[in-house]
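There are two complexes below, and they share chain A, which is joined by chain B in the first and by chain C in the second.
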Partner chain A sequence: MQATIAKLAERPNLWPWLLLTPLAIYLAVFFLVPLANVVFMSFTEPRLTLANYERVLTGALYQRVFVNTFATAALVTAVCLLVGYPLAFLMTRSSPRTAMLILTLVTMSFWTSFLVRTYAWMVLLGDSGPIIGFLKAIGIEQPPHLLFTRFSSTLAMVHILAPYMIMNIYSVMRKIDPVLIRSAQSLGARGAALFRHVYLPLTAPGIANGSVLVFVICLGFYVTPVLLGSPREQMIAGLIGTEIEEFLAFGRGSAMAIILLLITLVILTIYHRRFGLDKLWG
Partner chain B sequence: MNRLLITLGIIAVVFVVAPLVIVVPMSFSNARSLQFPPPGYWFGYYHAYFTDMRWLRPTWNSIIIAAGTTVLTMILVVPATFALVRHRFAGKSFADVMLLMPLAVPHIVMAVGYYSYLGMFGLVQTHLGVILAHTCLSVPIAFLVLSANLKGFDRTLERAAQSLGASPVRTFIHVTLPILKPGLIISALFAFIQSFDETVVAIFISGRNAETLPRKMFDSIRQEADPVIAVVSTLLFALVLAGIVLPPLLKSLRSRVTPAPAAQALSTAENQS
Partner chain C sequence: MTSYLRLTDVSKIYGTVTALSKIDLTAEKGEFVTFLGPSGSGKTTTLMIVAGFEKATTGDVMIDGRSISAMAPHERNIGIVFQNYGLFPHKTARENVYFPLQMRGQAKAQGLRKAAEMLDLVGLKDLGDRYPKEMSGGQQQRVALARALVFEPSLLLLDEPLGALDKNLREQMQIEIKRIQRALGVTTVFVTHDQSEAMSMSDRIVVFDKGRIEQAATPLDIYHRPQTKFVAGFVGESNLVEATVTDAAAGKADAAELGQCDYKPDAALKNGQAVTLLIRPEHIKLSRQPLEGRKNVRIKVDTIVNYGDNALLMGHTEKRTLRCRVLGADIVIIKEGDECHLSWLPDAVVPIAG
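Then we have the complex of A and B:
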């Protein structure tokens, strides 16, 4: 034993493999094989067939869900940007104390469970909640139904994903050298021109990071659309859940899961080629 | 331009904060439904939470599963991180990508995979099954935190110890580990939180026997919107608040160098998916 260890130590190029082996075995058995199993099921449930993909790619219901998912993810990303950009900007313009306070609030939101935040929106938008109450108070007799609509799930997803956007943009904004802004001003750039030609390009990496992150997470979002959304306007993840849990249609569910995975990987790969994933993941 | 952005920024802050604050008064409400503002206040639902096994058992399951996940994650990740940060070898970049891959896969996809795969071994609805699944999701996060710490490690300290005659093992125990301790603790904490919060995989595989707290909350919100959810939400929110507000306070009290959670979260948000 002692001799073996001494021998191994003499060949330092073996050490990393030795250290990596337990994790490699674990990831093979509990990550790669389960994933391969999804691929396998998508072609073999209920029997060897391509019908699952055909059904999922051409069926009207499935196409509508795919379109709906993309539209929702795009909308959520856009609104997150609309919320996140000014908020990050506010932080850079506040005193260090205020900036720290806002960052703490955003961090609190970030760490608070998805479910807690989803529940909070259920209270806020519910029929006996404060927003409907306010609408009634200002004289609107029959306020619209807010809960269990596309509106409620989109709003909650924006709230849940906004911290990702805010932190990504803020981390870029706070590193901007104020000298650049001042020199642009001294060259005559003002207001909208200063923003468009100087500030916006400088913050573009943060916008790109945040947007890719929010879009990709939103594509695969399960919990919030299922709990707050309209059952008639499901997103991909919700429909996969229904196929598996209610219809035990493992083949169709797996085919959709593989398509969702491929789309996600394609987006991340394009991003990686263009900017480098290490920027997204560190 | 500035003024417009700042006004929008203030609105955005309200938007971020309001939903977090609203669950607190809801937990003291005596309404049976989601009425806000509450018609009256009491502690009844707190009593209900702390005496109802239908809520306490999932809470306990979540703690056990998160603890198990943390232990397994650290056993696997610590050696791997040393290998990847301190050694150069063929296939290193492939190993890096493989380690981070679980972050790129949507949880619903893994849930479908585990549902039938763990079923083959009779691991569905068991604590072990959920731990094995959650570890996969915790590994990349723990790795990111730990590798960032290890990259910033000043190796001259180890060389100094060895030049003073310490064996490699002694150096590791008395120099490397103590210096790396904060990184190890935060990395383990992230693994724990990841598992404790994980909902989608748990919904599919934890079943009745190993039901986790997020699964119980999900079912409860979906079926009846039990007012006890507000209590659980408030307690979870209080934990987050304590985790974020207390460390900087303690730091200013003891003036010891501990990484502020806000800064940590910022760097993870930059890092993780």
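Then we have the complex of A and C:
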């Protein structure tokens, strides 16, 4: 008995691996194997070929969808930042109670099902919805279509992704030593100069974290753009769905998925080189 | 002539708690004044009111004859070094020091040159390109000092800046800060709870307790002529003995615990007045036999704490304990449990009213 204990004590780093085993098995079976299958299909469907990649990388439709996906992700990230930064700042300046309340309201969208939220937007923005109704009531004869536009999909994606941005920025803002701000004031800084030279650089890690997270998640969005967006402004995930569901083009769909994955990994690698991936989680 | 820095009737009340009550104090131009007191005594609150981060409930702060009470911190032109330095982590040492000049619209080339000169003055000539996290605590401290001085502030405030440093570095920085302060002639307010730091650095010490000023005087006066019991107990080591004056003219008092005690006569005291007698441990002599011309007390030795060059001896009479400081050479003949005599001259006994 004692010998066993001594033996275990000699190899203290065995336990973590043992505890990781269930997760490792799960990831292998449900993530790595299917992923390998996708890679395999992208080169073999319908036969051993590079044609899938060639088509996806050179076809005008695909190029447009890729560009649109990145443009949408950039737009959503920018809007999240514009909405999130002031809100996070407000939270740091509020009493703990108010900050808690804001945080609860912000994360409330996390607790609602993805589909429910999306359909809620459809109801709100639809031609017979309350917003259009209000616009008509105040005398606008031909209100613009809100649903199935870039506006509606961006709005819904911002709604879903803003909490990531807000929580990342808030956690960085909250850790800023108030002495730094006092120092800056005592040294003659205030207002815009204080913000530009001290506050903004100190919160930059939060901005970078939040932006990368929002951008990367947004790249792979499927439900929201498909259900709320304009069909002319498809995103990659939606197109992959169409390829596979409607054309049974498993090879092309897989090739697009792999390209999206590689691009995401490149973004994360650049981020890691610059900031360190561990910072992404606070 | 009016003083350079003047606080008049300054109070700070938080709800029902009075943090500062009616503080009056002054500092002359070029003077190094230390606010000394335990935590919660009001010294830091006073500093923050001078800096502009706290608003006084009553009273006024003036620098060079001008009231600064209505000014925001950034308008006051006061340099501050905080306890944890407050260096900007995203800026190099030189950029940190350049920052106040940048805020004052100084041209970059000229400002950076001035920052480099200031870093040179604080002894960091070659470290301008380092980031704060690449520097030691003492180095960061010097950067913070350079940054607080580079814009030629009308006042320098130091908020327990040595608190985070280890003992050797602390002593080194005490000398350094004094050297730089003298070289620039900047009026300085230094906040500390460390009485030896206050003694060694200050031109004048202001002792705070419970939101009031207990005494403001030179370090020697604070040490040798404390005006209140608190000052006598807080600054240095002390034996405090309660007594009643029996002969004010000759300087005689009666102490319940030590009997008849002669003290240095003080015209302010009257017969029958209650006083506290202060006897510093280093003024007490240790001997086997009673000594002529001195007040002698027979004690039994309880504890000897040996520091090498000197030792602290604690012993008790029938009624109370006494502590005395002895030279290291004298202590070798005494053991714990021994009986011996402590004695002192009347001049070593300082009476404190109340």
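Criterion: the second predicted complex is superposed on the first by the 252 of 282 C-alpha atoms of A that agree within 3 Å, B and C clash if a C-alpha of one lies under 4 Å from a C-alpha of the other, contacts with A are read in each partner's own complex, and residues count from 1 in each chain.
Simple rule for what comes next: a residue touches a chain if its C-beta (ideal position, glycine included) is under 8 Å from a C-beta of that chain, and two chains touch if they have at least 3 such contacts.
Since the model is a prediction, treat every value here as computed from it, not as a measurement.
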Following the overlay on chain A, give me a clash-or-fit verdict for chain B and chain C. fit
Answer with first, second, both or neither: which of chain B and chain C does A:Asp177 touch in the superposed model? second
Have a look at where A:Pro96 lands relative to chain B and chain C in the superposition and call it first, second, both or neither. neither
In the overlay, answer first, second, both or neither for which of chain B and chain C A:Leu202 touches. second
In the superposed arrangement, does A:Val83 touch chain B (first), chain C (second), both or neither? first
One more residue to check, A:Gly139. First (chain B), second (chain C), both or neither? neither
Identify the partner contact of A:Leu260: answer first if only chain B is touched, second if only chain C is, both if each is, neither if none is. first
For the overlay on chain A, what angle lies at chain A between chain B and chain C, C-alpha centres, nearest 10°? 90
Partner touching more residues of chain A, whether chain B or chain C: B
After superposing the two complexes, find the smallest distance in angstrom between C-alpha atoms of chain B and C-alpha atoms of chain C. 16
Shared chain A surface residues [contacts with chain B and with chain C]: none
The residues of chain B that touch chain A in their complex are 1-2, 5-13, 15-20, 22-23, 26, 33-37, 75-77, 79-80, 82-84, 87, 89, 92, 95, 98-118, 132-133, 135-136, 139, 144, 148, 193, 197, 199-200, 203-204, 214, 217-218, 221-222, 225, 229-230, 233, 236-237, 240-241, 243-245, 261-262, 265-267, 269-273
Show me the residue ranges of chain A that touch chain B in the complex, using the header's touch definition. 12-13, 15-20, 22-24, 26-27, 30-31, 33-35, 37-38, 41, 82-91, 93, 100, 102-124, 126, 128-130, 133, 159, 162-164, 166-168, 170-171, 191-192, 194-195, 209, 213, 216-217, 219-220, 222-223, 226-227, 236-237, 240-241, 244-245, 250, 253-254, 257-258, 260-261, 264-265, 268, 277, 280-282
Which bits of chain A are touching chain C when the two form their complex? 177, 179-180, 182-190, 193, 197-198, 201-202, 204
Given the complex with chain A, which residues does chain C contribute to the contact? 51-53, 72-74, 76-80, 82, 84, 86-90, 99-100, 102-104, 147-148, 151
